[in-house]
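In what comes next, chain A is part of two complexes: it sits with chain B in the first one and with chain C in the second one.
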Partner chain A sequence: MSKLVSSLKEAIIAAGLKDHMTISFHHHLRNGDYVLNMVLAKAAEMGIRDLNVNASSLFDVHEPVIGHIKNQVVTGLEVNYMGQKVGRAISEGILEKPVIFRSHGGRAGDMENGSAKVDIAFIAAPCADNMGNMSGKYGPSACGSLGYAFSDAMYADKVVVITDYLVPYPLQDCSIPEGYVDYVVCVDKIGDASRIVSGTTRITRDPVGLRIAWLASQVVKHSGYLKDGFSFQTGAGGASLAVAKYVEEMMEKEKITGSFCMGGITGYLVSMMEKGYFETILDVQCFDLSAVASIRENKRHREISASRYASPAAKSSAVDSLDVVILGATQADTDFHVNVHTDSNGNIMGGSGGHSDTAQGAKLSIVAAPLIRARLPLIADKVLCRSTPGETIDVIVTQRGIAVNPRNQELRETLVRAGLPVKDIQELKKIAEDMAGVPKEVACKGRTVAKVLYRDGTLLDTIQAKS
Partner chain B sequence: MSKLVSSLKEAIIAAGLKDHMTISFHHHLRNGDYVLNMVLAKAAEMGIRDLNVNASSLFDVHEPVIGHIKNQVVTGLEVNYMGQKVGRAISEGILEKPVIFRSHGGRAGDMENGSAKVDIAFIAAPCADNMGNMSGKYGPSACGSLGYAFSDAMYADKVVVITDYLVPYPLQDCSIPEGYVDYVVCVDKIGDASRIVSGTTRITRDPVGLRIAWLASQVVKHSGYLKDGFSFQTGAGGASLAVAKYVEEMMEKEKITGSFCMGGITGYLVSMMEKGYFETILDVQCFDLSAVASIRENKRHREISASRYASPAAKSSAVDSLDVVILGATQADTDFHVNVHTDSNGNIMGGSGGHSDTAQGAKLSIVAAPLIRARLPLIADKVLCRSTPGETIDVIVTQRGIAVNPRNQELRETLVRAGLPVKDIQELKKIAEDMAGVPKEVACKGRTVAKVLYRDGTLLDTIQAKS
Partner chain C sequence: MEIRKNAAAGTLESSDIFICVEPYDQLSVQIQSVVQEQYMEAIHHTVFQVLEEFGVKSGKIRVNDRGALDCVIRARMETAIRRGGSR
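Moving on, here comes the complex of A and B:
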């Protein structure tokens, strides 16, 4: 018995792909992924139409999906994140049916509770055996954690594993076991390794970014959470890493040992664990090669599924035990609602990822962002898209001041006492407008091109076409 | 947020235990388990009645269940294995409703497909954190693999984790994650470590046992499966270990490297892996302390769930890739059906465990057993209980000869050519009867006290009361 089939086409036929089905993909191969394009091209060639694609994220490499939408091969999209290229096309209205946006935890949760049904999951696996045991840790296209793919494997009717590194049965260090897998197909390459992960991720040198990071670290310091057992999530961007650096310096000085860190894992967090600042990394996604090496070799660096990371359908997830998260924003508003789906012109160029999951779960959620970006103020009266509800955001940190959500008066007073530049959110808005001018209202009044679901599946907001 | 409750009683109340519910337990603490007795005693004290208990196995330590049956606290039992003490009471008819016997794979499968519904799983966890991440590898009551508990955690409505070793969040090397857990309770002791696992398991010195083991190893040798990539399961008994020893000697001589071994894992199999005879151990259950140490420390020794081991509801499981399994029997018959549920007098004293799972999955299934036991012949016209269907048994090896299932004529000829003492099953039966006499028919004509389900959930046989 073996589940190996000789070609992708054979796997597609065996799995029974038909018009109108929902197929799913994970995004651990990021901007180096070949698999989504490969499957859609083959489906198109086979004359299949009207597919609903549930991809945990779409990057610029997935630009061919635009052609498939135009040709009616793809008529539905569900994603947690969408890069600029596909995002702009969606904002222009190429897809009739609104895109469904979820959070990373929400996607897992909606698969668990049955509201996001997948007919066939196509799982890019950097390493697999002939029965479908798979891992992301080994092989020429190693991406580390396969965290987002667990739900696809567990809840899709049929599961096709696509690998370029077939190992003898049984794959020892298997992430997702064979019991969920129907077919395995071995192809030449599942991705471009140089684009799967960046070689290094660097701390910003931009003085504005450093100022924001330093202020954010001061909020962490005075919040009361920075003590033994501290848990922390920060992003992989240069400013987020600068926060990590400042936090590390404080932990060193105060001799604090944290419990775990999470999020998109980079070499910087790996080195913090290795130096003993954190006991454990819980890794739903690796962002660079150091993280991939570490999850393969260091027992303290553990792979977790999206469900274990943040599913609201699980009885608990790691975000429920998280102390502090550092988040980004393209826009925020005076009610502390945050937009990470569109730019300030209303073009789709992002998505929640784990934003709303961690904001709700963490004890302290800090948005750190420049007050002005591309000559537009960060803070508006109303965000163009409500990605994360304001009631789950505690603090907005900019280079010109820190706004504390009025729901958290105690924290506000603590930060004022610490001498930090605490300002009212309206005041921050005014500073930005004094610098950059009041932006003219963005006309996003076309039909609905996307629906943004909150992590619990309820509708948070809609995104309108740019017309 | 924490799921810790202060006492077992509080956990029982929080989980909503009521009359008529089904509760479940795993048996990794074996004859040292305190948890099943602890929960039933508390339920009895709280006045709860009419419970259906789904325990993966019951050992002699669980004798108090007899009292709970008499008091109507327990009115239903579902098990994969039942030790002699409870078995005899069941055979005497103390429980009105027939016991449901399943295999290890069948139990997992029936939970997966919904035909075995559990209201509350009580999971003994040698190590856990306050959110319910758990492991069997650490703590004073370490038992190694928690393989059988995965299905309980994943499919029960409510899950209560009972531990005596609470660690800081997050438990790094977690087997079953928090997403399945509702409550955690910390008690003084979950088991008697000295009875959880035996210190050592020794190869038999009995000449009859050694003869049987040697013959079984010769069947393996000539079957054609003993080559690079060989996979193997054998039991933990002294004769099974002797088979492992003879197999090891052949692998050494022929320079063969196997792929994986499975089953109840002992130090003997661990040492075979360490010496390089097997790449990997897939471990659903540890049988001794060497195995517990190895699964904790050696990356090549991997924990697998009962589903991954043998579930017929999974898309595949490890038994489907198994080459050779060595099995026991209390009785066999001329159709090669095997009884492992009752002794030759019809008293319940065992159960399938993984017997029928591996017999069906493995390419070659060998029953190795003495031709006469307690003055009774191994081979009857009809087994008292059909535990494993004859069509899944390839060979029966006794000290006086080897019977090959007529379905496998090619193997029979190979073994004859190899000069092994191949005999017709009727001939073996006659040899036994010539030695021990024809046994008088056992009177098991009372009402049905147990139903034996095959791994796919169909009824294989029933067991009658001894009256």
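Moving on, here comes the complex of A and C:
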């Protein structure tokens, strides 16, 4: 018996793809992914229509989705994140049915509890054998962790593995085992390696970013969580990595050994583990080449599924054991609600990812962002989209001061005693508006183009078209 | 001041503004901005205020704003006018 089929078309036929089905994809190949476009193009060519696409994320490389929506090949989208190009088209109203946005944990949870049903999962696998044992750690398109693909493999009715690096059975170090897989197809290339992971992720040199990062690290220091066993998540962008650097300096000085770091993993976090500042890395997604090398070679660098990472349907997940998370925001409001779905004009350009998962799970959730970006104040009276509820955000750190959620008076007093520039959130808002002027309110008066589900599946907010 | 030659000031970096001035027989001002939904009135007001302060009554003024603060708009406007104009 072999599950190997000779072409993508054959795999699609064998898996029984028909009109109105839901198909799923993971986004570990990020902006280098060829697989989602390849499958949709083939489905379109075969005359299949009315597909519901559940993709853990859509990047700019997935722009052809717009054409498939216009041709009615795709009539539904469910994502955790959506890049600017597809996001703009959705905001313009090209898709009749509202997009369903989930968080990374919420997607896994909804697959587990059956509310997000998938007919066929098409899983891009950087390495696989003929029975479908697969891994992201090897091959020319290696992406490291396959964290988001586990739920797809476990809960879809049919599973098609698409690889460009077929190895003899058995693939020794497999992430997702053959028991879930129906068909395997080998194609020329599943992705553009240079766009899958970045070469290096560097720490910002922007003085504003460094100031924000330093203040955020001071919040971590005085919060009381920075002690042996400390667990930590930070992003890859902007100031986030600089927070890691300052935290590392404090851990070195105080001789602290943390338990784990998590999230999108970069070389910087790998080096912190290697230097002994963290016992282990729990990796749902690799962001750069050194993270990919590390997950392949270092036993302390563990791959975890999106469910293990953050599923609210699981009996527990790693976010529940997280001490501190550093988060970004495109917008926040005076109730501490955070928007990571739209830009300040209300156009879709992002999504939760693990934002709302970690904010709820972590003991201390810190939003670190510049008070003003291109004249636009960070803090509004009301965010254009509520991506993460304010009651799960503890602190907002900007270069001009730190606002502490009034729900956390004790922390506020601690930070004041430590001499940090704690300000009321209304005061921060006013500082920005004194510099930039009060922005005219942006109106999004059109029909609902997206629904944002909270990690437990309840409706958090809707996103309206511009007009 | 009168705009007598083509001149420019600023950049297209985020939070900056790029301004071009050139001689023209009447006053023509074109403004585009990444924050036009929020701040078009304020930008318009500042641009015309600086033109008035320098007594610029003619010229083609093209403004491409990338989210500059008011003080930056003023500084870039003044620089472009001084570079392109004479008394």
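Everything below uses one rule, namely that the second predicted complex is superposed on the first by the 467 of 467 C-alpha atoms of A that agree within 3 Å, B and C clash if a C-alpha of one lies under 4 Å from a C-alpha of the other, contacts with A are read in each partner's own complex, and residues count from 1 in each chain.
Please note the rule applied: contacts are C-beta pairs under 8 Å (C-beta built on N, C-alpha and C of every residue); 3 or more make two chains touch, one makes a residue touch a chain.
All figures in this text were calculated on a predicted structure; none of them were measured in a lab.
Counting the residues of chain A touched by each of chain B and chain C gives the higher count for B.
Once chain A of one complex is fitted onto chain A of the other, the partner contacts of A:Arg373 are limited to chain C, with no touch recorded for chain B.
In the superposition on chain A, A:Ala436 makes contact with chain C only, not with chain B.
In the superposition on chain A, A:Asn345 makes contact with chain C only, not with chain B.
Residue contacts after overlaying the shared chain place A:Ser151 against neither chain B nor chain C. Of the two partner chains placed around the shared chain by superposition, neither chain B nor chain C is touched by A:Ser175.
Looking at the shared chain after the overlay, A:Ser387 reaches neither chain B nor chain C. Legend: residue contacts after superposition of the two complexes on their common chain; A:Thr358 is shown touching neither chain B nor chain C.
The touching residues of chain B, when paired with chain A in their complex, are 1, 3, 131-132, 159, 168-170, 172-174, 177-182, 229, 259-260, 279-280, 282, 299-300, 302, 304-305, 307-308, 311, 314-318, 320-321. Only residues 344-345, 372-376, 435-437, 439-440, 442 of chain A touch chain C when the two sit together in their complex.
Of all residues in chain C, only 14-15, 34-35, 37-42, 66-70 touch chain A in the complex they form.
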